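Next, two complexes with subunit A in common: one pairs it with subunit B, the other with subunit C.
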Partner chain A sequence: MNPGLPLYARSRALPQTLAALAATTGFAVWAAGALDAYLDPGRRVPVVALAPLLAAAVIGASLRSDSDELDRTAVRPWWPRRLAHLLALTALASAVLPVAVAGHAETFGAPAMIRNILGCVGIVALAAVVLGARLSWLPAFGYVSAAYLASSGARGRAATVWAWPVQPGAQPGAWAAALAAFALGTALYAVRGARPGG
Partner chain B sequence: MSVRVTGLCVRHRRTVALDSVDLELGAGVHGLLGPNGAGKTSLIRVLATVGRPSAGRVELLGRNSDSPRERSGIRGRLGYLPQEFGFYPAFTVREFVAYVAWLKEVPADRVPAAVERALRRVGLADRADAKMRTLSGGMIRRVGIAQAVVNDPSLLLLDEPTAGLDPEQRVEFRELLRELGTSATVVVSTHLVEDVAAACTEVTLLDEGRIAYRGTPAALTRLGETSDGPGDHPIERGYTAALRAHRARGVTDARETV
Partner chain C sequence: MTTTTVPAAPEAPARTRHPLRAEALRGFPPLAGAAVLLLFGALLPPSADTWQGDWAKTAAQLHTALVIALPFAAAAGCWQGGRERRRRTEELWDTAVRAPLTRLLVSALPVALWVAVGYLLAVGLTTLTSWPYVRGDHPYLSLVPGDTAALMAATLVGHVVGRAARTPLAAPLLGVAGYAGLGTAVYQDAVSPLNPAVPAVDGFWPVWWQPLAMAAWTLGLAFALTLAYAARRRATALLPLAAALAAALLLSTGSGPWRPDPLAHRQVCDTSTTPAVCVNARYSGMLPQVRAALSGVTGKLHGVRSLPARWSDRGTEPRADEAALPMLTPFGWYAVRGRLMKPEQYAWEAVASLRGDCGKEPERVLLADDAVQAYLAPSPLQRDFDADDAKGDAAARARLRASQAARAKLAGMDEQRRRTWLSAYFAARAACDAEGVPSL
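Showing the complex of A and B:
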């Protein structure tokens, strides 16, 4: 293995990121168990909405580079590394977090969890480009909180799109919104990188 | 020529940082002088392929820096010390310089020797295993110089390299500059006119985004010897005389235009 890769991993705090993702998964498993949601999967909504948010915030923190000015003089283009970094962490979160919400795939099970991870990571990546990695969690936190609080009385097709973090797993509008956020955020982050100094 | 710049303009929003700059630099040590806001850092960043020109052509090491493919070739042979380079506090000095060697695609089997050599050149071989967070400001600056030379660059760009160095370290650094300048093109942006006098083979003076003066340090010193401008040393007086002459020409040109 190229000795530069471990240095890259440490420069982006990847060991700490993996530990934080493991802790988030443990917390989600504990929280989902404590909700006693076997008969009413709707009780899982807080876990399905908030655990992906926490995981995305952790991933967002790893997008920071302290040596941005020097990194820009790298011989290889950065976009493949940035893309691989973001996709690998998203895939890892998508593989481990759904363990907390096994079953009930049509409502608030693994598909809803994965969809929310994709959506939250997309917003966080977009925010890293605009605001910088340090504050990248903030817009996703605001959006998911607002959707969670405002969605209880919302009805209609539009609500299935804008309130995607709290929609059942089989809701196509919610998937479309989350996938669009993921595609946009990932593409922009890969091309532009996180805003320097943020 | 390692650097060939034609009609270079750089704008930051409404501010013009560089205005139609033409410049050619070959092997040797080139001092870049000028007041704050003259455009020194903007020029260094464009030469480092980090800053983007608003207009003009920049050819570095015989390649067009506007082309992504040629830019990669340039970057492998380029060393760059920014005015403020970020670093990773938990890295050791050796690890940080090795990280930059990785960015520069130095072959993996050559990295340990390249890092050792770079650290020896800046007198930090004995601190190779110290954490970056434990270093003084001057030592961090020397690590910055080490990372800039780790790939044995053909074009070395140093923005305020002597900031934070003590007098003895500055003297040693000038020696290193002279050594590097025998085989590479070294561009040093600085406020310290005495560093230019001691280590540079050529000097370029920038003012308000334009080239105000080009010549040798000896010629700038001679200019100072015949002028009565402010300064404690002839080259300082030459610096202020050249700046004032440039500004006076600008005023005359403006009057003629009106």
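Showing the complex of A and C:
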């Protein structure tokens, strides 16, 4: 095993991040059960919107480095590590969180959960580049909150794009928006890294 | 040679500004205010069709947004509360001469103030964007003081949590917990009087003391927590706690702080037509547009007897001598930004309400209903319906032929005969007397 890997994991607080992701999954499973969603899959919307937000905040916090200046003196390029870090945690969250919302794939099931994880991670990664990793949760928090409340009065095709966190799983516009956010955020974070000191 | 030197005049002591000024103008607090303003800017425009032009709905939308804004404010406060830990200046601050409470307040109050400023700016901008389209009523600002106090209290509570919690995830965790808490509390009747984000019920507004009591409840709790955490004499926390409990008692006992809006139960009428046209006093300015939309109907009903005395817009079941006017609210369907949309559809629905609902009727009565509807205010979709029937099975085609014949017969009557026929028709329909409906 690469001896640098445990050091990298500790420097990014990855053990705590994994514990927080496990706790988020536990919370999502409990909340989805408490909402009696088998009666109406629409009741899962709070879980499908908030659990990915929390998971993305956890992933965003792990993008921070205490030794930023030292890292930048390294000979090896950082972008593959940054990319692998972000993709691995996103894949892990996408694998475990959908357990909470099994079934109802067309409405608010696993596809919607995975889509929201991708979208939220994209926003968080973008925010880590612009604002810093510590505050990376804030834009995603504001956006998902606003979409959650504002989407109730919004109609039309545009709403399926901007209100992607609260759309059913089979909505192409919502997938396009979330994937675009994920691609942009991941690419920018891989290239630039989190803002130093943030 | 001797030289003389003039002693330099003593310099005036450098003017020191209060640290609160630097805290308020730099760093995170102004950003928190801007974030709250942006949050409302993202929340309200998508549903603008439903609140622009309606003062009551505008105020309700601003208040409902607290479900999102309160956890957001708490998260912002929590972020500021963790600042010294992030900067690793906690130990340095512990050596300062200022008391812990003073240090906490100097750091916390600017965020609370900027959050309040962001909210008040959002209220101001929302009010301004609603104003040009309003057709009656008055601005409802009675909830604003209590909501502002609740936002400041959430920021203060968040700050204390941020100081006490030693995790970088404290702020988003507090925010998500806030969403979950407020989202659950909405469905709990027992705590709704104490919930600062409880949704406003249409047609009900708080009494004058509700904002004061809500402010005492939320700020009292926040100050109690702050004093218990940072004050030298922690017993002082009992004072705001007592105020909060007294306010909670006031809010949750008796008939509660919400009362029906008297204006919502008043009608503004134009009695020059038959039937008279009445709209809710909250939208009195819509009366000319409603009257114009119904002018074709009222013109044709001139001289007809046995009609309801008026169309009324009460939001509940119409009275005995009234027919229900198609509801103008919620805005976004018939009324958008002070303009009546779909006037033909509106008139069609108004005519449908004239004959009342008597349950299942025989085919002969349905034909008469269709002819009257087509004569007074045909549906904008009538051609489509007829085209569908023409392409349908034999029964549908036969029904269409009978309908067209009945419509033609009613339209072809002379004025006097048609008035007599319509009077008999409305008399029979008002009594739900199917046998009494004259044939065509």
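In this text, the second predicted complex is superposed on the first by the 198 of 198 C-alpha atoms of A that agree within 3 Å, B and C clash if a C-alpha of one lies under 4 Å from a C-alpha of the other, contacts with A are read in each partner's own complex, and residues count from 1 in each chain.
Note that a residue touches a chain if its C-beta (ideal position, glycine included) is under 8 Å from a C-beta of that chain, and two chains touch if they have at least 3 such contacts.
Model, not experiment: these values are computed from the prediction.
> Comparing subunit C with subunit B, which touches more residues belonging to subunit A?
Looking at subunit A, the partner in contact with more of its residues is C.
> If you stack the two complexes on chain A, which partner ends up touching A:148: first (subunit B), second (subunit C), both, or neither?
Once the two structures are laid over each other on A, A:148 reaches subunit C alone.
> Counting only touches as set out at the top, which of subunit B and subunit C does A:70 meet: first, second, both, neither?
Once the two structures are laid over each other on A, A:70 reaches subunit B alone.
> Need the overlap of the two footprints on subunit A, from subunit B and from subunit C, as residue ranges.
none
> Considering only the defined contacts, which subunit A positions touch subunit C in the complex?
Its residues touching subunit C are 20, 31, 46, 50, 53-54, 57-58, 61, 64, 134-135, 137-138, 141-143, 145-154, 159, 162-163.
> Report the residues of subunit A in contact with subunit B in the complex, numbered from low to high.
So the residues of subunit A touching subunit B come out as 2-5, 7-8, 10-11, 65-77.
> Give the list of subunit B residues in touch with subunit A in this complex.
48-50, 68, 72, 75-76, 78, 80, 82, 84-88, 90-91, 95, 98-105, 108, 111, 147
> Touching subunit A in the complex: which residues of subunit C?
Of all residues in subunit C, those touching subunit A are 35, 38-39, 42-47, 49-50, 64-65, 67-68, 71-72, 75, 79, 86, 168-169, 171-173, 175-176, 179-180, 183, 332.
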